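Down below are the structures I want you to see.
Both complexes below contain chain A, partnered by chain B and then by chain C.
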Partner chain A sequence: MSERKSKLWRTIKFFSERIPLHKMSFESMVSKKEVPVHHMSWAYYMGGLTLLFFSIQMITGIFLLFYYQPTVSDAHASVEYITFFVKSGFLVRNLHTWSSSCMILCLMIHMITAFAMKSFARPRELTWISGSLLLILTFSFGFTGYLLPWHQIAVNATKVVLQSIEEAGRYLPGALSTLPTYIKEIIQGEASVGQATLSRFYALHVVVLPLLFFGALGLHLLSVQLHGMSQGIDKLAKKSEKFFPFFILKDFWLWGLVFLVVFILSLCLPFESFYSYPLFEAYDALGSTPDGIKPEWYFYFLYYPLEILPFWVVMLGMGISSIGLFMVPWIFKNTSRKVLSIIAWIIAAYLIIMTFFGQLIYEIFKGSHS
Partner chain B sequence: MKALFILGILVFMYCSSVFAHPEFQRYSKEVSGRSINCAMCHMHSDGPVGLKPGQIGSLNQDELNALGLARQAFKPGSGAKSPILNEFGNVIVEQLGKEKILMIKQRPELLVESLSKTSDLDSDGITDVEEFKDGTHPLNSLDGHPWKLFKNNLLKNWFHILMLGLATGCGLYGLYNALLWLAMKARREE
Partner chain C sequence: MFDLFLFIGLPYAAMMSLVAGSIVRYKSNAFSYSSLSTQFLENRWLAWASLPFHFGMFVILSGHLLAFAFPNLWSILVSAPAFLMVVETLGMMAAGLCLVALMILLVRRFVDVKLQAVTSHLDVVVLLILLFQVSSGLGVAINHRWGASWAPGALGPYLHGIFLLNPDVSYLKDMPPLIKLHIVLAWVLILFFPFTRLVHALSLPFLYFTRAPQKVVWTSSPSHVRFEKTVAMDTERRLFLKASLGTGVAVALLSLGALDKFFRYFLKQDLTNAEEAHILSQKLQRLKQSAEERELELERMNKDMIFVAALSSLSQTKGKYFIDYQMRPALAFRDQDGFPIVLSAKCTHLGCTVGQDVDGQGRVLCPCHISYFDIKTGEPSLGSPAKDPLPHLGWALKDEQGSLLLSQDSDGRREGSADSARLERSLLFIVKRFS
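Up next is the complex of A and B:
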């Protein structure tokens, strides 16, 4: 009984240290809050930028919902209607697309810099875990949203991903081998990617994921505000600035500037112009599949290794990284910021190389093996 | 019935040899490095042969008659509109005539020199000829070489951008002062 009591006591102690509700006051969270000023201070703005892009996503997403039809027969036509016939529809849709990419980019930078600055260290473990959850939810937003326009690249890329899930079963032992097929069937909803899949992805994209995202975001923001900004560097920062109004002011200026840039991009540069037009034609199950079917750029870090390396190697790597991501505060508990920075640079280099040169590496690799 | 079926197949074979010009598609793909398909000139992305909308097998009697007339458009300026071609495809036939198209089939680069240098069917600021070379769709204003599209749209929308810049600046200036006022008020109350 006493052992159980002490376990309970330890759990309460753990959470009260991580979520110090006694600090929940205007003074502590706003007026007395200080932000350290040092060479990595710019990284403190990345979380705010991610939030800005999420807000743009939410507002433009609601506008798109007014016209979007989640049926395989009308989805593509409704997207075309939004783009070419609804007033400012093109702008809203392009803003949604551009800001989704910007959101993922900012989130990745935010995660990498938070890692390098050791912002996950005690008592900020929950901040890191909720952030990791937000990263996964954001990728899920990207994956589910990609299918909704029901064009060639969307449906075919989704098929490839779902096929990969099923393939994972080949490497699992015994009864576990059927689990991926089961998961695939749940996601897909029918024998092939079709109406059931679209309905599921639509429900996930507009209802389930936003609800989960709000929950995780609430926990993340509360945790950040309760603990304040992390120290970020080894030596204590010589200078600091007030969170309110100075940091907030700079944050808003940055938001305004970034919004302006994204707005100009959305107005002048259709995101789809970076891809070949056959990829954006309505999906035709009986027609030919166009060249260049690929997932969105933010999945290249996973897509190209899948194309080059044996499937099990990538799956194993992905499984370890996913678990590792949530365990970061405990794995790197005693690691210095210098070492963390080196690891962060390696991760960033890998992501950049795979995103920009993945195709080239794939071609070189394919060429040498054909 | 059997005779009709054979006739249908013969019509299919004849039409596909006459109307599909993959040489131009291959050329555009080579010079642009982009993946393109028959939808650049045809109504259907899989080309003229088949039973889907915009393909020969789906045409009604009136459309078949129009197709017959278009097939006879050997000289430029015939005004014939082929139901299996899109606007760009029909413009090519109109400007060059089928005779020339068949002549330059083996040297598709000549198509670029032969077409009008000013025609821009989708009004995106990039001419059809440039779009053909860039491997982008001449009838889709959102599809074009990214840099060219950006430049043209920036020039087209400069007033909106200027106004938005002003609005953002004014909004931020107002917010800046509002927050400073709030901070001062909070300090005074302390």
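Up next is the complex of A and C:
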């Protein structure tokens, strides 16, 4: 009985340390909050930027809902309608695509810098975990949103990804081997990617994921505000600046500047101009798959290894690293920030190399065809 | 011959001078690596000249560098008219800034006695060359429009040739004199670079970006510093108010611009009749396409045999796509012996649809991950990511009257027979009981 009580007691203690509700006051969250000033201070802005891009996504996403039609016969036409006929429609759509990429970029930088600065250390474990959840949710946003325009590259890339889930079945024993197919069909909703898939992805993209995202975001922001900024460097920073009004003003300036840049970018340059047009024709179920089917750039770090290495190696790596992601606060509990930043550089180098040179590496291993 | 000197000899001399001169100067007299600022001697005009000049120069140089270093990316970018417009406008504005600034700088050197004491001949020469260079650049931009679009293609190969030690002046042969002048002056600038105040461009204060802010403190405590302490509290509040006001105005302006665009998004579209007709016809076409797909699905539920094509219309080199009983894509070919080859077109690797064109070795290609499949056996070729063969489908041939001539199940067991004349007139079907 006493042991049980102590277990309960420990759980309560754990959470009360991670969510210090006694700090939930204007004084500690606003007027007394300070931001350390040191050579990594710029990283304190990355989370805010990600939030800015999420807000842009939310607003432009709602705008797009006014015209988008989620059926296989109308989806592509409605997206074309938005792009070519609705006033400022191209702007809203370009903003949505540009800002999705920017959001993921900022999120990755935010996560890598938070890792290097050991911002996950006790008592901030829950901040890290909610952040990791947000990362996964953001990738899911990217994956589900990619299908919605229902053009060639979207449908075919989705098909390939879903089919590779099924591929995992080859490495599972006995009755388990049909499990991946089962999962794939749950996601897909029918035997192949079609109306059921579109409806599901649509529902996920505009209702389910946003709701989950708000939950995780609330927890994330609350715990950031309650705990304050982490110190970020091994030695205590010599200087700090007040969160309010100075840091938050600078934050707003940066937001304004970044919004201006993305706005102009969306006015001038469709994100799709980086691809060849046939990929953006309406999906043709009866024709052959066109050349150059690829996922979005932010999946390259996963896509190219999948192309080059044996499937099970990638799956194993994925599994380990996604469990590792959530366990970071405990795995690196006693690691110095110096070592952490070396690891962070390695991760960053991997992501950059795979994103920029993935195609090259692929061709070196597999030879190019033309 | 003179061209060879100007466009090959001079560039290499300039680059040699740049590299060797910069190093020698740094080694022999590192402290002279600066612009020898005259800010303490004359401040008012400098503010109106130096800042605009450096801003403008930064924009112009980045534009040139980007265009010549990444010609492919650049040509994609400038193929968007809006981008080209923005780049050209920015470039001209920057050149204008530089031009005005350079003039002020020159005049300033000549009218201020204190400055004349520290002005060397080279300072004036540099200013003059820069003035001519910016003017010629602006001249090129105005007389030979859209340089951002044509220059990387027309001049890029010459520049790349210089750097790849394979110079080719033929690209410049027919260039107008103004453009040639601009190029020559650029090399002259580089030639002079290490011997003038321009070297300060090489000492970039990168550490400023990452180090913590420092406060410059006077060794003696001047009156204004003491004053500063007493009003520190007050300025903090005032700074906040001012900053919020500034931010507020900026946000308001930005929102005005953004909302102006977004507001229109919700207006009714005023489309021309032709546009509306276009949209409607496209919509109808898509609906028909969907309806056809649904019909295909229903047909496959109800019928025991599905018509694919007349056997005589099939070819050995180009397959005909159709949809099998599982609503997956499939391909039909005609073999050399006159019989049909019918196989699934869904790649056994990750489910893309394989191409319909047969290559010289009797194979079709899945473009997603480059798997080749032999159409006779369905087997993937060695080294393909796909490991399993494309399955064959069962088929049947009927004559025009609809009586069954010949059938083959998915394992290749054939029933019935037909002579070649009747075969030629027969129709190909796929069969439910074989699938």
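Throughout what follows, the second predicted complex is superposed on the first by the 367 of 370 C-alpha atoms of A that agree within 3 Å, B and C clash if a C-alpha of one lies under 4 Å from a C-alpha of the other, contacts with A are read in each partner's own complex, and residues count from 1 in each chain.
Simple rule for what comes next: a residue touches a chain if its C-beta (ideal position, glycine included) is under 8 Å from a C-beta of that chain, and two chains touch if they have at least 3 such contacts.
Keep in mind that what you see is a predicted model, and the values were worked out from it rather than measured.
Superposition of the two structures on chain A leads chain B and chain C into a clash. Residue contacts after overlaying the shared chain place A:S192 against chain C, while chain B stays out of touching range. In the superposition on chain A, contact of A:L267 is made with both chain B and chain C.
Of the two partner chains, chain B and chain C are each touched by A:F259. Once the two complexes are overlaid on the shared chain, A:G215 sits clear of chain B and of chain C alike. Of the two partners chain B and chain C, more chain A residues are in touch with C. Of the two partner chains placed by superposition, A:G319 touches none, neither chain B nor chain C. In the superposed model, A:P310 lies in contact with neither chain B nor chain C. Touch criterion met: A:G287 reaches chain B and chain C at once.
After overlaying the two complexes on the shared chain, residue contacts for A:F90 are found with chain B alone; chain C is out of touch.
Applying the stated contact rule after C-alpha superposition, one finds that A:S31 touches chain B and leaves chain C untouched.
Clashing C-alpha atoms with chain B appear in a single stretch of chain C, chosen from 77-85, 329-337 or 401-409: 77-85. On chain A, the surface touched by chain B in one complex and the surface touched by chain C in the other have residues 245, 249, 252-253, 256, 259-260, 263-264, 267-269, 273-274, 286-288, 290-291 in common.
Within the complex formed with chain A, the chain C residues making contact are 76-77, 79-80, 82-83, 86, 210-213, 240, 243-244, 247, 250-251, 254, 257-258, 261-262, 264-267, 269, 271, 275, 279, 282-283, 286-287, 289-290, 293, 321, 323, 326-329, 345, 350-356, 366-370.
Taken together, the chain B residues at the contact with chain A in this complex read 34-37, 39, 45-46, 52, 135-137, 140, 142-146, 149-150, 153-154, 157, 160-161, 164-165, 168-169, 171-172, 175-176, 179-180, 182-183, 186, 190.
Every residue of chain A that touches chain C in the complex is listed here, in rising order: 37-39, 41-42, 63, 66, 72-74, 76-77, 80-81, 85-89, 91-92, 156, 159-160, 163-164, 167, 191-192, 237-239, 245-246, 249, 252-253, 256, 259-260, 263-264, 267-269, 273-274, 282, 285-291, 293, 307, 366, 369. Across the complex, chain A meets chain B through its residues 31, 83, 90, 242, 244-245, 248-249, 252-253, 256-257, 259-260, 263-264, 267-270, 272-274, 276-281, 284, 286-288, 290-292.
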